[in-house]
Amino acid sequence: MSEKTPLQMTIAQALNRAHHQILEAEPRAIVIGEDIVGGAGLDGKELGGVFGVTAGLASRFGTSRVIDTPISETAFVGMGLGAAMTGLKPIVEVMFCDFIGVCFDQILNQAAKARYLSGGRIDVPLVIRTTMGAGDGSAAMHSQSLHGLLASVPGLSVVCASTPSDAAGLLKSALAAPDPVIMLDHKGLYGMIGDVEADLPAVPIGRGRLVLKGSDITLVAIGEMLVRATKAAAQLAERGVSVEIIDPRSIQPLDTDMILTSLEKTKRLLVVDEGPSYGGFADRVIAVAACDGYSALSAAPQKLTPPHTPVPYGRLLEAAWLPSSEAIVSKIDEMMYEE
Amino acid sequence: MSEKTPLQMTIAQALNRAHHQILEAEPRAIVIGEDIVGGAGLDGKELGGVFGVTAGLASRFGTSRVIDTPISETAFVGMGLGAAMTGLKPIVEVMFCDFIGVCFDQILNQAAKARYLSGGRIDVPLVIRTTMGAGDGSAAMHSQSLHGLLASVPGLSVVCASTPSDAAGLLKSALAAPDPVIMLDHKGLYGMIGDVEADLPAVPIGRGRLVLKGSDITLVAIGEMLVRATKAAAQLAERGVSVEIIDPRSIQPLDTDMILTSLEKTKRLLVVDEGPSYGGFADRVIAVAACDGYSALSAAPQKLTPPHTPVPYGRLLEAAWLPSSEAIVSKIDEMMYEE
Amino acid sequence: MNTLLSLYKEASFIRAFELHIAVASEAGHVPGLVHLCSGAELVEVAICRSLTGPRDQVTGSHRSHGLALAMGADPVAVAAEILGRKGGLSKGRGGTQHLIAPERGFLASNGIVGAQVPVAAGAALTAKLMAAGGIAATFFGDGAANQGAVLETMNLAVSLNLPLLFVMENNGLGQSTSADYASGGADLCARAAAFGMKAERMDGYKGARAIKQSAEIIDYVRMSGKPAFIEANVPRLSGHYFGEKADYLAHHEADDPLEDLAESLDSGVAERVRLEAEQAAHDAVSDALNMGEAAPEKSAEVVL
Amino acid sequence: MNTLLSLYKEASFIRAFELHIAVASEAGHVPGLVHLCSGAELVEVAICRSLTGPRDQVTGSHRSHGLALAMGADPVAVAAEILGRKGGLSKGRGGTQHLIAPERGFLASNGIVGAQVPVAAGAALTAKLMAAGGIAATFFGDGAANQGAVLETMNLAVSLNLPLLFVMENNGLGQSTSADYASGGADLCARAAAFGMKAERMDGYKGARAIKQSAEIIDYVRMSGKPAFIEANVPRLSGHYFGEKADYLAHHEADDPLEDLAESLDSGVAERVRLEAEQAAHDAVSDALNMGEAAPEKSAEVVL
């Protein structure tokens, strides 16, 4: 039972701990990426990953299982896939999701299709971990939110954790899954502190998390947008507007049941997302509501997303680009008022 | 006026003719791709492209403007981009849209963002031509429909022509556009014959085409699905169900006005698409209807898409995978009946 | 049976197999286009002879019928997959460019030029970590040699010391483009060597030598745990895809390695072996043809 | 002013510019992380001296502040872009990794390792077709040298005969990973040569020689219309990004090419030139700092 005493740690720490537990428990698990050991070929200290998530792994499990690579995402994502097809369980880190462009074929055509092309015979226990999200001045090529784009590829599961325990728990489920899972961490949330159980229980892929119970409107969001949504909801609560917040956690498969059940009650939907305004995750959720929850709705479902442009660099520009909690409040005000 | 006498030709022929006219009229236009001349370094005849679209260009305009490349999509799509940024107007052919995986960074991060990253200063008159669509036994890596995925990237326009005159006309507009345009031709439609005007007038990007007037339901489709939708509508008409069919032609920007206007009249929407069932073009259109056309709708908007799997190879499998015109008929029957 | 004769037998079987696939294609029994390996059989059989699945794993290109057979995949299941039949390796889901028989050491073939190469690096990594003496090999063309995926993987394999054999079949053509044009006349074997690998040329017309050379270089990869590279010259005897009107090849007439090989054998014996192989291939393809077309299963969307 | 002295002046300006950017960053005025080019100035200035925009166009990596300046981009506009200010080259939309000044021949820098290289091939193609004597040059790191985009473009440039100069700045490190590890000890200059290009090493500590060598090789590219490759050894004097705790570099202390250069000059003159450069850089960065932060425009979404 002492295992169940909650600990406090950041998302980065929870992920680091989960990596340690996974490599300890599963001899077939390996980790592959750039600078995840860090200092390869040098005589200094290990870097342990750009965000510290892989710290200490190499010195504990050795560099044959924790593997630094050249800057060759196509080659090493493909290597992870091949390893997964032949009996290993690789966690491949792609530093930023913006970099999937350089290795997209290995994701779109190779990893996503391997099981199907084998007529179902081959397991592909491949995890690709990457980061997403704007807000820290990293500009157009280190700030994108490509969870929706990735989730549209048949054959891939996509998860986005927004708490330390979900991060650790989803990583564990991803590793256990027989098919490729892409996990995107929001960079802005790595420092977020939360309770985790010491043994980091797995969190099932495909199940959302009810963040806040409410009755007037359903709000779906992940990552930093979830943080802002929660803030907005607190403000709205003071004024008597009751927001139900769902963190889907899993982008694909999506917990449509949870969303539709919530809509039965609230009859209104707002999706807040950093992904693209057209054809992104927000549209996917809207489509679920419109196609399958139409009769529950009492008003048009709405989305709040950034303008349909690349992520800008300057601080004011980036702040204006991202949906703010104030914008969420006014959007909900508007939606409540319209009826 | 004799220029206006319509001619009959296939989509492939119309595209070929449009290429000839473009290279003739615009000295800065060039064409880049694999086997588009064909026979480079050999002593035989030119191939003129795998689908014949670039036939005769090299012998007329020379191999300095019609350029065969090694199989290096990243390098030559990037080359097209760099050429567009420095004053040329390249049409870059990527044989199948399935291959965008190997050059996605040059599309996602480079071409799509160049104007924005220059603060609007740089024109990027780059056209990427590629093919899409299932139905000919080409299997999982030569049959995808990635129009929706591409359209979700801010900075890109995406067009899909479904008639010879639209194919030629959209290519002309794409070439004239100051920003990157991706044009996807449905392989199954290259042989489709239609009327074109000899001078191949430009077709504006962003404007849909009303294919069939109707009053009971709005159906949105492109490519082969449009062909099947038209067939289904004819069948339904016999039974008194009046289908309005919209060919959006442009995936991004989307002619939302045309769709919403149609919904005002029909109050029902069906999207039929070969793209993915989750997070694809169908969801995008549904979201437009749900968010902006909600009050017009009298029933849940619906989509008909393939199962969320890779494209299968076997003939029966592929046929079962693709939405058939019968399936469209029953889906519409169901939707009409439900009320 | 002596080595050369059995090489001839296996290669003849593949040649005949492709021939019967071509016949089936002409008759309308193949869903899409097929890329036949005719001309490369000898090299493929010679190299695969030193590889044993599932410990060793091979990946190949779009042109992999022969390679799958050379690794020992069931010919009927291979033919059935190419024909989109129920009994196919992947129940007709994958098709001609997606042959998968890892139990025999044939991990995958691929529709994207070069994409099979990084995947083989993964199989090599598994072999390295499992330390059971396995290696991986990956076959690709002269056209693929210019793809980032291939070039990156050469570097990766050197950097990480992966037991991975790169086999480039240089048939002088990538679709309709000459290898010389596509690589600007570069010496592709020397280019691979410059990545820091052992790299050798193999004469695709010399069976005995190819077998010996393969055994040696595969032994080197196995023992050293390092990558190596083979450039094998082979002819492309049947168009880019079967049925192609290859007008870009004006006066192209390539010698046939199998004919050369046959000449070095006792002609009566060779002819008998060839006829047997022909018969076996005929039987395999017609057995496959007699299977029902692959059809949807009600159960899961996953395998449709 | 003699050649070496003016080289020293320009390089010192870039060094000081980076220093003031670092100061601004410490003070919280830079939106994100900056990758400073300190250590590579000499090579960059020496090479860019033989290039003239807009006829010639250059693309660079994430570490391109100095390169943009070396091509003649307005220092205030460069600083303002890095600081996310209104007067930035791209009105603060792009930022430190996305400097764009094509009017000066600096076409673009890039956040994706290696992605600037194919783009430069396009500029080279334009130069070739325009036939006005222009060429393109692209700068990238030893880490980028292993990216498919870079390797493919080397082949493409050879295949198509593009007037494109590849400049690899080998600072021995890609983020925290040694170049030796990342390329398995391969000789990157020889590797480039194996693609079929003229390829040379440049000593990043020898200013006079670098200027002469650049002039010659750029002349070669211009005249022959063919690609060429330079591997320049340079130190990375300020961490991967400014402020990084680079513990992976235990006993790393690199010589400074600028100090070496200064020693070869009259010390009084050198010091005066350095101080002037320092003052000019200070002024440029503070002018930029005094500009308002870049803010949204009401007009078009396109430029937000």
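To keep things simple, chains are lettered A, B, C and D as they appear, and every chain counts its residues starting from 1.
Basically, a contact is a pair of C-beta atoms (placed from the backbone, for glycine too) under 8 Å apart; a residue touches a chain by one contact, two chains touch by 3 or more.
Computed from a predicted structure; not experimentally measured.
Of all chains, the one whose CA centroid is most distant from that of chain C is D. Remark: chain B and chain C have CA centroids separated by 35 Å (rounded to whole angstrom). One inter-chain figure worth recording: chain A and chain C are separated by 39 Å, centre to centre, where each centre is the mean of the chain's CA atoms.
One simple way to say how far apart two chains are is to compare their mean CA positions; for chain A and chain B this gives 31 Å. Within chain C, residues 88, 92-94, 98, 110-112, 115, 146-149, 152, 155-156, 159-160, 181-183, 302-304 each touch two or more of the remaining chains. Contact with two or more other chains is made by residues 69-70, 72, 74-75, 98-99, 101-102, 105-106, 109, 116-117, 140-141, 308-310, 312 of chain A. Chain-to-chain contact here is organised exhaustively, every possible pair of chains being in touch. The touching residues of chain B, counted against chain A in their complex, run 74, 98-102, 104-109, 112-113, 116-117, 140-141, 148-149, 151-155, 252, 254, 275-276, 278-284, 286-287, 289-292, 294-295, 297, 299-303, 308-310, 312. By the touch rule above, chain B contacts chain D in their complex via residues 30, 64-65, 67, 69-70, 72, 74-88, 90, 105-106, 109-110, 114-122.
Every residue of chain C that touches chain A in the complex is listed here, in rising order: 57, 59, 88-94, 98, 100, 102, 107-108, 110-112, 115, 117-130, 136, 148-149, 152-153, 155-156, 159-160, 300, 302-304. Taken together, the chain D residues at the contact with chain C in this complex read 146-149, 151-152, 155-156, 158-161, 181-187, 190-191, 193-196. Residue ranges of chain C in contact with chain B, taken from their complex: 30-33, 81, 84-85, 88, 92-98, 110-115, 143-144, 146-149, 174-183, 246-252, 293-296, 301-304.
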